[in-house]
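Shared chain: subunit A. Partners: subunit B in the first complex, subunit C in the second.
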Partner chain A sequence: MQVFKLCMKIIRKNKAAMLVYVLVFLGIAILISRITAQHPVTSAFSTAKANVAFFTEENTPLVTGIKQELSKSSNFVKIEDNTEALQDALYFRQVTYIVRIPKGFTDKIMNGEKATLERTTVPDSVYGTYIDMKINRYLNMASLYVNSVPGISQEKLVSDLKDDMGKSALVTMTSAKKANDSEKPFTAYYFNFLAYVLPAVLIFGISIVMQIMNEKDRRSRTFCSPISPKSYNAQLIFSIGFLAVACWAVLILPCAVLDPSHFFQQSTWYLVLNSFVFLLASLGLGFLISIFVQGMSAVSALANICTLGPCFIAGVFVPQAFLGSTVLKVASFTPTYWFVKVNDTLASTTHFSYDVLSPVYGDILIELAFAAAFFAVGLAGSKRKRLET
Partner chain B sequence: MFAHIFTNRLKCLVRNPITLFWTLIFPIVLGCFFNLSLRNVYGDETFSPIPVAVVNNETYQKDAAFQTALKSVSEGKDKIFTLTIATKEKAESLLADSKVAGILNDGTTIGMTVNHSDFNQSILQSFLDSYLQTSSAVSSIMSQNPAAYQKMAENLKDQTDYTKNVPIGNASPNGALTYFYTLIAMACLYGCFWGMQEVTDIQADMSQQAARINLVPVHKLKIFFSSLTAAFVINFSEILIFLAFLRYVLNVDFGPRTGFVILTSLVGCITGLSFGSFISAIVKSGEGLKTGICLAFTMTGCVLSGMMSQDILYTVRQNAPIIEFLNPVNLLTDSFYSLYYFTSLSRYWLNIGLLCAFIILFCTVTYLIIRRRKYASL
Partner chain C sequence: MVISINNLVKRYGDLVALDHLSLEVQEGEILGLLGPNGSGKTTAINCILSLLKYDKGEIRVFDRPMAPDAYDIKRNIGVVMQNVAVFNELTVQENINYFCGLYVPEKEKRKQYVEEAIDFVGLGEFRKFYPKKLSGGLLRRLNIACGIAHHPKLIILDEPTVAVDPQSRNNILEGIERLNREGATVVYTSHYMEEVEQICSRVVILDKGRIIANGNKEELKNMISLGERITVETSVLSTGLLSALKNMPGVETAEYDGKQLVIKSAKGKNTLENTLDFLKKENIAYGRIYSEMPTLNDVFLQLTGTELRD
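Let's turn to the complex of A and B:
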């Protein structure tokens, strides 16, 4: 077990660096899960209320009427009335529609003249069409009254409009699709973000060990010794496996502490199993990278591609439901896709019947196949390298 | 002397093709991934006509007014709906497959069937409401002024658009762009690895090569400055290639001020390099820990500036705005964003000013640490 002992020694010597990786990525995982669990991504698209900033330069019953009518379809957002604040809010979708009623607007409407109010919205957006429709409806009806009932008072107009606008069509909901995304607990998000954190920590951790083990002189010296390459590789993989399991345990535990009510549920054990298999795939990936790439800047550049890239296309940062089918097809060539798919399936079910679990096991097997493939290519690469030297 | 060290250092760096390749290629590959996933999400907001099924039964065929009303909103350039006229069964199966947003004329007088609620469904409902509300208004007016019937019919025909679009600024608020901007910021700050290497290669207690270099009778800062310039040239060229890729291949919009965009990248590269030298100078122990600290700062910076989810950026902005100003990744991202989005440059200069302050801080500390080092033995 000399190789294993040496690896342990290297790990001990570099424990500060390893600790930095684990703590930083742990922090990132907790932060992202916390914040995403507070604002589920779906809410931005599924609420049928647009965020509206409402400014008016006059206060008349009609303006109040417009505002009241709009409140049925909008959340009014209070915001500072200066260009930069408005632009910023529009960009980050804190508001999606800004309406400004100019002075003299009410008089023009009451006299049947042409009047316009100013609006700014995300160009060509759904929100724009929706709120435009609401405003135009209200004002068209108002002008209908003004033109047809001569001398109608503003108060009467607003109260009549209020009655008319109260009429609403009957909507039947079929229960074919139920909205479930909004109820996901912290644990569900946390396990998804492990798809970013686990490979990142492992690639860096393994690279530290392997950079030292693969140094040219040290390698040559090691292979002079009477240790068979098979035993060397087995011990090497065993020691990085040891490192991986330690990291995995450290990364899973905080979830139990932070969200105990959801963590100790039956579904979590499947999540844990899934993350363990994903750990094997990440381990394989880390091993593969460290065989082929030398130098920390190259490793960290490559690690970025292998961790952030799949997370974007496989549904970690952007839910799978929002991704196009082509994107998901590309993503299915990464273990991350299958990991997230299993997590999402588990998060949306409460009954763990055979029908639910059999595709889950299938997907977990695919992750396992990825792990096997990474190790196979890694070992082949390591053999080629040995023969070259 | 500068030219000599500079060219030789440049050769040294270029002859490590693996590092060169990966540092150049990683932002490009990530950019492609971002593009794949984000285009789709932000594309979702854009309004396109809503597919609607109408049940073709006796009530529908008799109700000419309803037919006309539907026709008026589902024809022409600004149409709101695309209609499918179908049997009840067909309509239901279309809804079940989410091929249509809802079914109109589902048997109730004026009503619709949907399977979830979203903006499209709300627009559909709003159309039906308008139908009901107009009839309510008509009967209310008739009770107040029966003579107005003729006039009203004319009025109902021409619907006026009361809204006037007033865009703020020139740029469209495309949220996907900031993800690309954080990526540029990240690539710039990854220059810290180059800077780190430069310090390791010049501090005699950190590498053998540095011990040798320290023997030559050339001012140490001159060596350091020349080799740092070589690293800068490589890093900056990589960023320029990346910017060109974003602009011309992925069509990422940077606004009209190209010169300032390049200036921002330049400042970004210098920030990255000086940050790397700074970390390398203050952390004495092995390369692993230095890399760890550099990465930890860069990745935390990226997360806080919204690379993974913009909600994090809002939360930071609302709860601890000071973090925004202390985070170089965010300062860079925000500079690109201000250039693209705002007409005034005040916010841009604030960001660049803060970045320069960081550069000065990093350089001064590095300078104070690496100058006049003497070693009794190595």
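Let's turn to the complex of A and C:
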């Protein structure tokens, strides 16, 4: 195991440089993951509030109830009560809706008569329709109570209406997809950032070992000894594999500490599996680069292009949902795209049935194909180089 | 027979690097392999070590066919490459231990061998040094230690003294002679003729992939037509007198550059006495005068038409 021990010594000798890579990348990944988790990208529905000017010519508990209900979906804006000021406010979209409660409105409602409100809105405004619906619903419910409970007091009416309007139905989603993407945990973001860290560290580490071990004179000198090429290559591969698994473990374990609640869920084990397959693709890429590129400065430059580039176009820094189809098509020629795609699918999945996981397995197989292709080209290149020398 | 090469041919495309080379190396000898750049020395060594495939011929080492997987043979060969092949990440001791470990798996035995190798090349006080901290001479010594630590029966040294200071060179040459006295057979290539003259018991001269001379130093010197060479320091010699000198019996050539007169005698002829008589008779003032027998460099020059270091 002389060659393996030597490789380990080379790795130990260069561990500081690799550790700097790991720590810097880990720091950045954690920072960005934290920020992203705190300000999630969401595609889920949330209510927006309309700017409303509210005028009333009477002050009754019912009017107060209407105003309170409207406040849930409106911001009340104070405007001077004259025609010109109101028209200007609508024109400049200072408000999108003006409601005026006329004198005697409450009495008409309480007597079961038809009562109307004065409403002015910007034409074809979504907010106008929305506020209309809210007011109509409130007044219809009020009429229903007045007609059904004769002699009901205004206070009781307002209280019952408040309870009814505040109720919401409990809905259980049976779909495998999470209802809200904003629930994406820190772990999911963290694993996406591995797409940057893992190949960068591995390309550096593998290149250092390969360049030192495969330097022509040292290699020739080694093969003058009674060591078989098979044993030499096996020890070299074993040491590089050891480095890869160690890096993988070092990069994954912090996630268990930083987000223990999500890390030990079922979905995380699929993320871990996906990251392991991505590790193989990164190993292949590192091997390929170390075979074809000479000199550590050239390796560093290429490593940056090969790791940062796909991260930008494959959805690590910018979610895939925001990227154009052409960009994603180009990105699909990198393993990073499939790695992120699998991560995103797993992060938005609650049930792990065969139907849900089969496309995930398909994508993981594509990552494996990338790994195989990298290794095949690397081995062919290595053989060609050996024959040339 | 330690090495037996029979009819070896190696081509690089159209270039014939080794042209039907046949050579034998006997046990216990120090064989010097000489030749100008591109003569095929390193190619021959790489073929012997099975680092290169060859087109034709046969190589046997320790009376067995040499092949890339002839590990039992390789176990008994020590190699010191032309370029220093050590690891900058390992100390002097670790480097020797690594290369020795490729041959000697037993840890205790290896430890002893490594210490012996360190003592042998005189790197005791540098054992914890990394190669980058060593001078060129010390690096060469480390390279040698890495090649001989496992006590090989055959040692192949490919120009081990290139870019080494005279003191280190002497240490290296003495070390090689010591290894030979201890029983190792040595194949030694060099650009430095005086080194080969100093340590080699037999010399083979290669040119354009062929052996053009093979024998001990005296045998090689007898191969050429030159005898002694007389050098006279003088600043007054006319063209007429130079012509007269050239016509003296036994003189092969006479050249004068305005400061020095060099007379080369024909093989087996002694012209020193006649030259001195001529100088006295013609009343030519001279400073130093000395006579030398032909060197291997003269042999090389006459056989290949080129200086060894060209």
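What we mean here is this: the second predicted complex is superposed on the first by the 239 of 389 C-alpha atoms of A that agree within 3 Å, B and C clash if a C-alpha of one lies under 4 Å from a C-alpha of the other, contacts with A are read in each partner's own complex, and residues count from 1 in each chain.
We take it that a contact is a pair of C-beta atoms (placed from the backbone, for glycine too) under 8 Å apart; a residue touches a chain by one contact, two chains touch by 3 or more.
Computed from a predicted structure; not experimentally measured.
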First (subunit B), second (subunit C), both or neither touched by A:T60: neither
Subunit B versus subunit C as contact partner of A:K134, first or second or both or neither: first
Greater subunit A contact set [subunit C / subunit B]: B
Contacts of A:L6 with subunit B and subunit C, given as first, second, both or neither: second
First (subunit B), second (subunit C), both or neither touched by A:P226: second
Partner chain in contact with A:D217 - subunit B first, subunit C second, else both or neither: second
First, second, both or neither for A:I28, with subunit B first and subunit C second: first
Which of subunit B and subunit C A:Q68 touches, first, second, both or neither: neither
Which of subunit B and subunit C A:Y91 touches, first, second, both or neither: first
Intersection of the subunit A residues that touch subunit B with those that touch subunit C: 13-14
Subunit C-touching residues of subunit A, taken from the complex the two chains share: 2, 5-6, 9-10, 13-14, 212, 215, 217-218, 220-229
Residue numbers on subunit A that touch subunit B, as the complex places them: 13-14, 16-18, 20-21, 24-25, 27-28, 31-32, 35-36, 38-39, 41, 45-46, 48, 50, 73, 83-84, 86-87, 90-94, 98-100, 114-130, 132-137, 139-141, 143-145, 147-150, 152, 160-161, 163-165, 167-179, 196, 200, 204, 208, 211, 293-298, 300-302, 304-305, 308-313, 317-318, 322-324, 327, 330
Subunit B to subunit A touching residues, read off their complex: 16, 18-19, 21-23, 25-26, 29-30, 33-34, 36-38, 40-41, 44-47, 80, 95-96, 98, 106, 108-123, 125-134, 136-137, 140-141, 144-145, 148, 151-152, 155-156, 159-169, 172-173, 175, 186, 190, 193-194, 197, 285-289, 291-293, 295-296, 299-300, 303, 307-315, 337, 341-344, 347
Subunit C - residues contacting subunit A, complex: 46, 49, 51, 68-69, 71-72, 74-75, 77, 79, 81, 83-90, 94, 98-99, 101-103, 146
